[in-house]
Amino acid sequence: MQNRPLILKLLSAAIVFGAWEIAGRIPVSYAFPTFLETMEALVRMTLDGSIFQAYAETLKPLVLGVAISAFLGITLGLWIGLSSWFDWLFSPIFVVMQAAPLAALIPILVMAYGIGLTSKIFVVCIMAMPVIVLNTSSAVRNTPASMKEMAHSFLAKDRDVLLKIILPAASPIIFSGLRLGISAGFIGAILSELKITPTGVGDIITYSRSIADYPSMYAAIFSIILLAVVFLNLLEKLENYLFEGNNRGYASD
Amino acid sequence: MKGIIVAMPQTEATMKKQTSAAPDSAVSVRNVSKNYGTVEALKNLSLEFPRGQLTSLLGPSGCGKTTLLKIIAGLLQPTSGRIEVNGAEVEGPGPDRAFVFQDFALLPWASVIRNVAFGLELRGVAKSERESIAERYIRDVGLTGFEHSYPHELSGGMRQRVGLARALSVDAQVLLLDEPFSAVDEQTRRKFQEDLLSLVKHENKTFIFVTHSIEEAVYVSDQIAILLPRPSRVSEIIRPTGFRHKDVDSIRRDPEYLDIVDQIWASLRSYVE
Amino acid sequence: MTVFGYRLPAMSSLLVWGLLWEIIGRLGLTFFIPPLSEVIGTLFEIIGTPAFLKALSETSYAFFSGVTISIVVGIPVGILMGKSRLLDELLLPWVNIFLSAPLTALVPVLMVLFGFGMTSIIITTTLFAIWIIILNARAGVMQINRSLVEMGRSFGASPLDAFFKIYLWAALPEILGGVRIGIIRAVKGVIIGQLLISIVGFGALFELYSSNFLMSHFWAVLIVLFALAFSISELLAYLERRVAYYAAKR
């Protein structure tokens, strides 16, 4: 049976969605719509275009926040990895940030920057940045010494060592740091829409909950999870494709 | 039992010669075949393992040595055919056989003494008893003083001594060794081979020893079964008897030893690309 | 980092940042950043207050419940997945999905299903922690050296003995690694849950302080939280290193 993995995946999906449907029909709770009702709501929102409008809103802070985090995070990570002074100065902050529940900063961000886009971008940034910085810096620090020595023995300049040895050697781990950062960014983007002001998908969720339109609420949640999972999986595929053969590892999670 | 044989090495040597025509088998392999999917690892293989002797399975890698050994151990089921140990059919692992692993298979979280006693621990032997048995075998394999060390603190050779002591401590009649010295450096390996010879002499056990080294096989074996692949079969059985009673240092210079090594190489060389 | 041949301790730069914080606070550049000394003063003031202790105990309760559920359920499920191919193929896609899904989106569902209370927060915490624990336990079991398994069989280990004396220990480094990451995620989960369901624990406290503009109170609580989270993560990393000595030698 060559198709065994595929068949089992479909079977597994059928079991879960079937259980959802049955649980919705009993119903286990007045606030638990069936799978089919949810899909119906999703199709409806797709057809009238409201879901696309919502995503245009939701993705704005996400994309901007991730772009800023990627740029700042990689730059800072490179610096930290290259200079022991920067390492001493900045690493502790990001190590603490990595372990800390940064979501707790949201009330302060709201006080300082209001309830608009800026705060939301900030939320995405503080969630996404630490893992990007830490992965980049440790990848740079862990470039095999023999490769750097090889370059020096062929009289490479520092710039060449950075561009031709360190960056390529570090790129798989930097990339996976980006992926983990985007994953955390999704959490931040939705958190900020639910906590700060309801916009985009957060608005659909909050609004349909307030009018007890549970199928729409579940459909919105279903769609954002689907989007995040599909996107992150594609990134992982891309990563495997780009860096096939390189040894990879995560500096942190 | 052990004492008697130690006391009569001469008698034993002569006895071996006499019985070599129709040896009493500790282990019999009867028409065993083993397929992995479409790969025929073993095909209709039969072989006798004389009691109290060391038989080597020698052959190029991939010819099914490990497969045969694991079938004898009961770790693998043959596709067809049967294995008998002391006349009883093998259906799975049993207390009459003990395995020494190529990669040692020690518990990295357990001390040397616990590792050596582990086989007894699994049999439910009380702690004090199994540890005193383990201590004896730790001494026999020359690891006194390392009882409370951990595997990662030992060299490869010492780790294999732990594996050997563990197999000896359960007092099985048949010892199965899968390339036990291949992960060990050459000097340690030679010492091991000498120790193995004295084990065979002093312990009344049947040894089945897998190796891909011709010199090693000729040096330690009472009987060598040469396995060849495609199709896998026992191509030859050689009994180097002439120098077996000599002391360990002069074996490697014995003309018969050198002849046999050459003869085996001649028959194997065509299988080595 | 060495200065004049003297090695600076690893986290010592935090003192520099603390100093910077103090200076910015003293300069009164922004209302949102009171001087660190004031924050620390407030910290000692509020740390014994009933409101703080209530928040702390509610949070700890939710956190420990969530972590306990994740460990007690996650490790056996992971081990079973590592041992049974069928179970693995059925469950693995879902574990991976929940591992990368933005779980914050599920909190509103939990709120409508389980109410605005402790139950929802405990489930949120569990959802943050459990998937990585499952995945690591699975990986731990799958990497067990085959000859260790065969060793157990050849010496006649019973299934129970094999599990408790060999498999569990052989998979322990991975399992502990998963538990460590799971617990760090649980800390984040419990706070996110409380922020969204802001009538419990620190969520309620944050609400109170921020609506009254009690900045130094707010920062004081943040410092306590971050310090706790960091200590937990360091402690777990230390425990993990203690078994790591054999992780590479299996």
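The chains carry the letters A, B and C, assigned in the order they are written, with residues numbered from 1 in each.
Convention: a contact is a pair of C-beta atoms (placed from the backbone, for glycine too) under 8 Å apart; a residue touches a chain by one contact, two chains touch by 3 or more.
Model, not experiment: these values are computed from the prediction.
If touching chains are joined by edges, the resulting network of the protein chains shown is an open path. Most remote chain with respect to chain A, judged by CA-atom centres, is B.
The chain pair with more C-beta contacts between its two chains, of A-C and B-C, is A-C.
Chain A and chain B, compared by their mean Cα positions, are separated by 55 Å.
The mean-CA centres of chain A and chain C are about 18 angstrom from one another, to the nearest whole unit.
Centre-to-centre spacing of chain B and chain C amounts to 50 Å, using the average Cα coordinate of each chain. Interface of chain A with chain C (complex): residues 4-5, 8-9, 11-13, 15-16, 29, 31-32, 84-85, 87-93, 95-96, 98-108, 110-112, 183, 186-187, 189-191, 194-195, 201, 205-206, 209, 214, 217-218, 221, 224-225, 228-229, 232-233, 253.
If you check the complex, the residues on chain B that touch chain C are 70, 73-75, 92-95, 97-99, 101-105, 107-109, 118-119, 121-123, 150-152, 170. Residues of chain C that touch chain A in their complex: 1-2, 8, 10-14, 16-17, 30, 32, 86, 89-91, 93-94, 97, 100-109, 112-113, 132, 181, 184, 187-188, 190-192, 195-196, 202, 206-207, 209-210, 213, 215, 218, 221-222, 225-226, 229-230, 232-234.
Residues 145, 147-148, 150-158, 161, 165-166, 169-170, 172, 243, 245-246, 249-250 of chain C are the ones that touch chain B when the two sit in their complex.
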